[in-house]
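Shared between the two complexes below is subunit A, which pairs with subunit B and subunit C, respectively.
== the complex of A and B ==
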């Protein structure tokens, strides 16, 4: 797999030796501990552990759970920086390029996005885009965890076609450790009631999650109320679409009684602060009410066309900043954002990841404790350092499923592959927009 | 000067050869150009330039003007991540540590902050903090441009003492190419009217700039109105403090008629979005009204205790995101933030920096055009890539006054110095808070 530019090694056993700090998300921040990974799982956390496998000196490192990007459109890295405007104008421009998409372009763009994610500490992501089989193939090659599937979107594709694509995906990846098929529903406004019910039935029959945009814009809420007589989340509730397999994204214009419905149904949500801000969708994702109400809240970057980044460290920071700005108080803290990106991310994707504890799957990120951005670093300021000061660039090593899939000190091959992929994507953009 | 950990070289002539992109801020983005620096100035921008001095291959690089941090308290890097709460509670905690400050701690913390700034593309900063002579000394050693001075703050120091300190600073740095003395006034609420007038007189007599916090919080505006019968900027206007030497910071609670006063007086302003958000001061810095009204708007990180970063790339991004969120439209663009951080920054500090044009002082940043975060990079998306996608970590080289003061590929010595300084600062924090 090293032909892909990233060093992918799969030691039987991996010992992160003498970690300066371990951010467990359960038992606080530990100092000077070893973390032993065996057969893809965290086997032990302790002192003076020793093993025959690969040993990594972590005396200048911070070990944290892998970050889960709870909502993105990875392959839109293709469209990064292409057009910079308000939501509806932006969508029109983007759609004109997307009408020309080819599977190979999605494959290459997905790979580029995955390299960016792994290099910035993201070990898993929930994706919604065209040609998901290309993104799935790239994920397995690169070694990242991906939750994805074809998208119900009436204007572009018939529900039958989506179902055939889902069938193929389930057949191929139903038992994959890295790729989890999911039922993607673009939104209420992009799907008929019949399509929504078809998606629901498929999800129930195959036991798959449903992932959809809801209440991102005022216009969308207005149209839903006008057409269906109820607010968007109420509408989903009426159709039986709010279950513990449902994952809702955006919710910048959700009412208090809809939050209750989300909680009662057991659905999870993803907050995408940077994208909402950049597209000027305004609104206010009620983070505190969601969390206090017992809803599982994750964080997503949204696509790199709207963010324009896949860096979950930046997104955690933006989460706290935006929430404080909106509420006019400082109650939302660094730890809340870190929990959303790790523990809650693990819940959202239904995997035993997001904590550094024995028995958990080894999706881990190793950061450089000597990074200038984090100084002066102490045990008592590690959490704010991670959320407010770190960027993805501080990641020294990323581990998914016990395998080292990124090392900052071995990127020479990666750089030349990145250059080649970018050239191909730019050639495509020139062809379809030029 | 290399004993300081950073490679500081001062070639007679420096040729940035075959730059993939040059962001001029005047003539758009150029491709494949050479930039020739001679005697600290940009001597020529063209093709196939050749010289006898140092040549840097920039075929995989982007050259941009050095970023100007228009407001910070650099040495508060000491307090980064120390306490994370709402503005007034936070201030109390911080003041209790600051009461114990020592010159050496300010010197070390300033140096750490400067390393972070240079490594993330900031070539100049406007500073307000205690023991400015320590920060000035560090700035000269490290090779960064600093605008600084002692702070009028009645509770802690008498105006006479501030003036004596200013006299010393002017004597020592009046003709320094790197350090510019300035009259720092903490705020209206921290100074009597007499102190404000003393500061004004000093500024007029010595021809120095005045730098002060204004209208950061609702409380401050309320108190000013109650005590003085007018809003804060109106009050400054009454005292004759709004001139083209005045630089005002924050202004989250400014009225429309106060904006007019700022413009008429010729004062410049600094927007500090991340700090305002993180401290939950709420309010709304009216970026569009300021710019349209003809006010020179810069961007500041504020101190690393409230941000918690000195990365101006992150701050440019946050500027656009916050403005779009506040206005509910996408009119503020990437180029507006970049202009604020470069061209306007140059105006604010009164130096011929902030553009890459012949005759300007060579304060330049060289970024890695192959960074994963920026792909796929083209000439037409360089500006959004810089503002939305780049972080300080993409900086490969920083040049101040024609000297190379940072190189990403030569940080081994820097890392050990950073570790040593952090240990000293942590020991101090333990002593005063433990």
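== the complex of A and C ==
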């Protein structure tokens, strides 16, 4: 087994030859093109390109931008299928297990999640979890892009401890090409005002993004109204926490005037449809109003403990389906979900990814164009095929920073490692919950 | 799911009530608050007393209460009225016809959160022009009883709106910048017949101008007649 897990090769140059389709997200869908990757960047897209280095025959493949999971708790693969209930009841139970977490468990669980993500076309993710240095270590080993940091959550961690962890992370990964430190704030209801202001101050001082759950449940918004006299997004605005560094998650219970505040502040948002439905949060994420208002909307799976999948193809499909069900119209389309998961994901993580164009970083996904789920495939139905029909299982190869980090034809090599990790995680769960 | 319908007798609450039945919910009663003031933030006043006849037409019991219509006080009245619906009919949820008013949606939710009731607002953020067209197409017969907006003349008052009227209203809404489904209180409606009505409401009245852009259809008599009448 490779020390780097799935990392298959690190060529200086990589030529994706004769791609049946290339979904650029800028110039539509191209047919029969070569994509040349050099030094981690897309150097050229054209015909009959040739270079030394690795050549991959893509005549039966679709090349799309790598998907960005705009909100997850990767290491909660540990808790996948552990408890199934409504949001607040679920959270109490999960926190009781998380109070017992150990660094090694987070490392192993993160690694398992990363394998799942890479194998289903996710090249980057925004993460909120404990022991982020363990997740960062796994990300570098596996070769996936991660935006992460320790979590301000008063009940489980002291703010001082979070600051110390952030300092370590910034020191170690401040210039990492793959790992970007971020200030994670669990939520308004899990943090005091003092903690929120501490998080804000740190974010301003270090120029880091802030990532937090907001307005997820009815209980949360009315508790906020009772405690602070305003709804959650208004409250964040009052504290100066709505800026272009802020990334807000869920927002099923946001009011129309708060949507304007999000826009004016320049914050981005993540929609997590499967998790919201599974936890029965009963809100209505106003996708159309957000997009029309110019807000950058991404898509997140949320953690595997609430989804229970990290497959962004499934999440794109769920996004469109839920929005159509909510609005009773078909205005939100497949391309909107794909844009949210690629172009907007790139904006959210502040990287030049999410498009297949010259000069962009080569975070790419190569799908099997012969997959039975996608037939009969044509240039004009590639995008609906990707969003409505494809699943992560159709991914043949994943490329991050120009490096091939996943190949479906070599996944058997991982089996023993995956089995060993699963056994350790199950032993931990038995110890803690048994 | 046992629910009550927050019912004003207008097109939106009547449509939401139908949605609840079609969802398979058990609609146990209508809940109606009659505000003393015409400018209530939460509840519609014109012709609200006629909801008693609509309740008969639907064959549903009604929890009816008068409220001052004053901001905050009316929320307390809503809490008490919903509590009564819970006591009498063991309802677990409330169905509302809220379209786009966060003030109404969030206040109803504040009260219901405290009472442990779920809230269903099926019309929330729906395309308003499309909704208006569908209402007429699906057999909801309603009249306009009050107009408070520039651009919508008194000729629309007091008669059942046709699909042609709706197209005209949608065009006027676009030209004069008001909401075609009257979400902002531009006009008030009264449903006289709907798919689940067992009787039709027959009303007679007259048009009165009450301001530069404000008219009322004063209902002088109302009675239930056969749906085929």
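We adopt the following convention: the second predicted complex is superposed on the first by the 430 of 434 C-alpha atoms of A that agree within 3 Å, B and C clash if a C-alpha of one lies under 4 Å from a C-alpha of the other, contacts with A are read in each partner's own complex, and residues count from 1 in each chain.
Just so it is clear, contacts are C-beta pairs under 8 Å (C-beta built on N, C-alpha and C of every residue); 3 or more make two chains touch, one makes a residue touch a chain.
This structure is a prediction, so every number in the text was calculated from the model and none was measured.
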Counting only touches as set out at the top, which of subunit B and subunit C does A:219 meet: first, second, both, neither?
-> second
If you stack the two complexes on chain A, which partner ends up touching A:329: first (subunit B), second (subunit C), both, or neither?
-> both
First (subunit B), second (subunit C), both or neither touched by A:426 | first
Taking the superposition as given, does A:59 touch the first partner, subunit B, the second, subunit C, both, or neither?
-> neither
With the two structures laid over each other on chain A, which partner does A:286 touch: subunit B (first), subunit C (second), both, or neither?
-> second
Between subunit B and subunit C, more residues of subunit A are touched by B
Please indicate which partner A:389 is in contact with in the superposed arrangement: first for subunit B, second for subunit C, both, or neither.
-> first
Overlap of subunit B and subunit C contacts on subunit A, residues 282, 327-329
Note which residues of subunit B are touching subunit A in the complex, please.
-> 77-78, 80-82, 84-87, 90, 112, 115-116, 119-120, 274, 276-280, 282, 304, 307-309, 311, 314, 317-318, 320-322, 324-325, 327-330, 333-334, 370, 372-373, 375-378, 381, 384-385, 388-389, 391-394, 415, 418-419, 421-423, 425-426, 429
Touching residues on subunit A, where the partner in the complex is subunit C = 218-219, 221-222, 225, 231, 255-257, 282, 284, 286, 288-289, 326-329
Subunit C residues touching subunit A - in the complex, by the definition given at the top = 100, 102, 106, 109-110, 113, 118-119, 124-127, 130
